[in-house]
Each structure stands twice: as C-alpha cells, then as structure tokens.
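Each structure below appears as structure tokens.
You will see subunit A twice below: alongside subunit B first, and alongside subunit C after that.
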Partner chain A sequence: MAFSSSSRPIKGKLRYGGTNHEHKIWLFMRLSGLVMFVTVVFHLLYMHMFVRVENITFDNIAERWSGPAGVFWRLFDASLLFIGMAHGMNGARFSINDYVHNKILNLMLTGLVYGVGALLILAGSLAIILGAGGLGRLLGIG
Partner chain B sequence: MAALVASIYRGISYRGAEGQWAWILHRASGLGIVLFLYMHIVSIFIAAIGPEPYEWVHKVLYTSPPAKVMEVFLLFGVLYHAANGMRIIIIDFFPVLGKYQRTIVRIELALVVLVLVPAAIITLNGVF
Partner chain C sequence: MRIQMRIRRFNPETDSKPWWGEYWVDVEGSDRVLDALHQVKWYQDGTLTLRRSCAHGICGSDAMVINGRNALACKVLMQDVGDVCQVEPLRTMPLIKDLVVDMEPFFAKYRAVLPYLINDQLPASGERYQSQEARERYDDTTKCILCAACTTSCPSFWANEDYIGPAAIVQAHRFIFDDRDTAADLRLRVLNDVDGVWRCRTVFNCVQACPREIDVTRAIGEVKLALINGLDD
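Coming up: the complex of A and B.
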C-alpha cells in the first residue's frame, strides 16, 4: 500500500493479529494523544485562564525555569515540544497522504513538514536548555 | 491539487451528520494547531534571545487585538481536538460504543463549549 490513512490500519490476511509499522504509528497517536490530553490541556488552560497571556513576562519565565522546580518545568516544556511535534507532524503526514497523490509533490510536502519541523525541534530544545535570555548571552546579543 | 479541491468539496457536501463533521473539524483543528505550533516555537526561540526581543514578540504576536481574537480560535481548536481525540480513542478501544457515537459527539461538543465560554471571556476581557 503506497499511502497510509489516519484510520486504523487493516491487517493483511497473512499477518492477521500481528503488528506492522502503521499499526505502531496508530498506537503512538492514541498514546501521545492520551498524554497530551493531560499536559497540553493543562498548559493551555493554565496559561490562558489562570495566568493570562498578558501577565507572562520575561522575568516570570526566567523564574519558572530556575531552581529545582525549574528542572521539572523544563522537562514538562520539553515533553510538550517533542510529543506535540511528533503527533503534529505525523498528523500533517496523514493529511498530505490523503490529498496529495502526486508522488513527487507528496514527497516534497512531507519533506518540508519534517525538515522545518526538525529545525524547530532543535531551536526549541536550544531555548529550553539555554533558558530565558541564554541564547542572547551565548551570542553576545539581546 | 484537483484531488485536494475535490476532496474538500466532497467532505462538505457529503451529508454524513455528526461523525462527518466531527472528522472535518478534527482535521481542520489539527492542521491549525500544527501551524500555530510552528509559529509558537519560532516566537519562543526569539524570546529566548533576551528581554527586548521577548517584549516585541509578546506585544505583537501574543497580545495585540488580532492575536487575542486568534487565541479564541486556538482555545477552541485545542479543546475540540483533545475532546474529539478522546472520543476516537474510546470508540477504537470499545467498538461497542460506536452505536452511540452521535450522542457521544453531542456530549463532547457540550463539554467543549462549557470550558470554551469562560476561557474565551477571560481571553477577550479588555480587548474590545
């Protein structure tokens, strides 16, 4: 099968009851979805309803990311970055496969989503590791 | 491209009731969230450079009036995608509930509205 779909993969007769690559991806989308049902909804409601976006300042972030609790929040933010991007890029791949049947265009769009995505995961990781203003201090700007 | 246009047209004209609209909204909100996520990572990266770039990003991309209106769409998109994803997981693992999927879609939408309304009021407070 050249193109996958976002629905549950149909298992072939010879491999009935076994697993294949798309079956693992199907399971990954459910498990990452369950995790993000807790983490992303918490992040969204906490930032938008309780803190409010207007009140998030540079100093707030520096404070939240410092000390022993800061290690937890950096790991929490990293989990949002990694799980969110993996789930999101794969969802975009489902959509591209459903609509773009030209093999070259399909490959180009998928490459764009994953290529830009990989750069963004790198950029986001740098921001989390170096901390608020860390990148500016490292480069001598900001 | 023609396949995309035809598919979108069929998706809208096909009268599949609750399940069909739940699927369309799931896909649209998912793609919207991915676009936001890409923008969000770029802006956080800019903000990580220092206080001044942070102030600019915060003022222009996050707290300007158009951004606040877009924020309500983001709230709806994430809350809907989370609730509908939960419905998909529940029906995938307990297929017997597929019989009640129309009712489950309605319950899910009611829950989304219940959380979205206060969140949207708090978000838009002071914008207009």
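Coming up: the complex of A and C.
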C-alpha cells in the first residue's frame, strides 16, 4: 500500500499495521479494571468499615488467613495482588511508551517496572503461601 | 466593543522563537474570531498569516487554539471569548508561520487509513443502493471536515506524534461501517497498530474540540470493539 503521496518529505511514522498484542492487553485492562472495581471496593469497605483501621494488626491478618475461611481470604488477597500488579505495571508501561521515545531509555524503564513488579509479586506470593509470619520464619528473622 | 487580541506570531525568516503580538480591535459581539483576525490583518498588520477559505465552518482550514481550546475561528463569536482573545496555532504540528502549521503529517495519517470507498464488484445496475439504517450506522463520522482540531487537542498525540490520531480513526470509521465498502479488514489492520487506536486513552479532548460535534471517542471505541469482536455483518 502506498501511504505517502506528499509534495514535502514527512517526518515520523507513515506505515501502520504491524502485528502486536495491544488488543488483548486492552481487553485485559478493561476486564481487570471491572474485577478490581468490585474487589478493591469490597476490600476497602471490609477493612475500613467492618474490621476498622485501628484493628488491622499482624494478629488480625494471621487470624483471617487461618482456618477454612483463610483459604478464601488468601485467594482473595492473591487476586488483589496479581490483578492489581498486572494492571498497574501495564499502566506504567503505557505511560512509558507514550512519553519515552528513546528506545534504550524506554527498554530500561520498562525493565525496571517489570523487575520491581516481579519482586513485589514474589514477596506477596510467598507471604500468601507461607501465611502470616511465614516469610520471616523462612528468612530466620521471624 | 473593544477587545484585545493576543496572537502568537512567528516569522521563520526573522524570529528565533514565537512571540505574542498584541492588538486592539473594535468588534460586535456577533462578529467571529475570524473577523477580529481579519481586522488585524487588513487594517493593522498585513504580515499576519493565517489560513481560511470558506469562513463558514465547512472547509476546516481555520482551526486554531482560541483561549486555550481548539476551535474554528469562523465559528467562535467574540461575545463568547471574554475581554482578551488569545489565538495560537494548532499544537504539535510543525509551525510554518504565525497561525499556519504544516498539515502534511496529518494528511499522511489520513491517507494511511485508505479513506475512500473500496469495492471491486460493480453494482448490478446503476448506483449502489443503501438502506437508511445502513447509512445511519456511520452518519456521525461523515461530518468530519479534516480540520485537525481533534488530533491536535489529543494528549496522546502531543506525547507521541506517531499516534495515528482521532481524525484518521474517524475517517476510517466512516468507511469501516459502510456496508457498500469491502476493505474494512485492511483499515482495521492499519488501526490495530501499536500507534493505532490503542494509543487512545479516552481523554475526550477530541469530543470537546470537534467543531462538527462528532462523538469522536465513541467512534474510536466502536473501532476498538470491532477489532475485539469483529464486525457484526
């Protein structure tokens, strides 16, 4: 397809139509946004109105994560962790791609976002799997 | 009434950077910003350079930033601009002189979406008929006059000039949803680019800027949905 028939040379992109996964990511951002609207509002209401902020302690979390209901809470917190981090990291990627046009700097910043994100996801996952205080016991500082 | 015009001036042959020219004009409230600009050009400073053609909101050549908002100078009344009327060229586009910007990059993006009817099948006889309902499907986007007010009001475009921009998407929408056209897949492939519709962050500046009152963000949303779900027909 001949895209350009200009009388003057034009700077910038003229060819569009490269393959990418942006449409899947767009759909993910909408669906994860909808899911988080429910889960984050529930989380906020539960922690602030029901548990109340002054009662949120290590023991409170340990109790919530124990017993049969603990399975639900761990799964719920895992969904907040994974969906929230994926949504947030992707949002940061959007901003970097919008504003940082230097390819090397773009790659470095995107790498930083993914690196820090992966560390946070790892720490959060270990905490959820090992239970309250588990990460400290694992590291011998609990 | 007497109103101060603050006009962004730039002569590439004498100025190193743009500056504000200040002029006083006597206008009626029912005069348009274009009439005030004419007063400056015709009676005070003939070097003021601007584009305008029909002067009636149809040709789209006098889009500019008026008091911070993109609009057509021939459609904004002086009674609505306040005591000071500040006029600047469209943002982001390469500046040529005063209020005139280089529209070539804009039209290159327009051409990229194949903005013409593509159908190799000849109609059985005479013209290609279309039902009123089928025509209604893309009615809104037929109103575009390619003034670039939407594209140059878009923060995604300010940040990244490779973004194809709302105007090109509106023009693609006009043909993608036309049931006489057969090249929707070609246009959708163009718009599926990383710098295609996915750069749109639904800021809605384009809707505010459009002098033809096109629901630009809705049109972009419909193209996104067509890329996700496919076309209904």
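General remarks:
As a working rule, the second predicted complex is superposed on the first by the 121 of 142 C-alpha atoms of A that agree within 3 Å, B and C clash if a C-alpha of one lies under 4 Å from a C-alpha of the other, contacts with A are read in each partner's own complex, and residues count from 1 in each chain.
The rule we apply is simple: contacts are C-beta pairs under 8 Å (C-beta built on N, C-alpha and C of every residue); 3 or more make two chains touch, one makes a residue touch a chain.
The structure presented is a predicted model; accordingly, all values stated were derived computationally and were not measured.
In the superposed model, A:Asn20 makes contact with subunit C only, not with subunit B.
Annotation for subunit A, partner touching more residues between subunit B and subunit C: B.
Once the two complexes are overlaid on the shared chain, A:Tyr99 sits against subunit B and subunit C alike.
By the touch criterion stated above, A:Leu81 is placed in contact with subunit B alone, subunit C being left untouched. Shared contact residues of subunit A, touching subunit B in one structure and subunit C in the other: 8, 98-99, 101.
If you check the complex, the residues on subunit A that touch subunit C are 1, 3-8, 10-18, 20, 22-23, 25-27, 94, 97-99, 101. Subunit C makes touch with subunit A in their complex at residues 94, 102, 104-105, 107-109, 111-112, 114, 156, 159-162, 164, 186, 189-196, 198-199, 201, 224, 227-228. Contact residues of subunit B toward subunit A in the complex are 3-4, 7, 27, 30-31, 33-34, 37-38, 41-42, 44-45, 47-55, 58, 62-63, 71, 75, 78-79, 82, 85-86, 88-89, 92-93, 115, 118-119, 122-123. Residues of subunit A that touch subunit B in their complex: 8, 30, 33-34, 36-37, 40-41, 44-45, 48-49, 52-54, 56-58, 61, 81, 84-85, 88-89, 91-92, 95, 98-101, 116-117, 120-121, 123-124, 126-127, 130-137, 139, 141-142.
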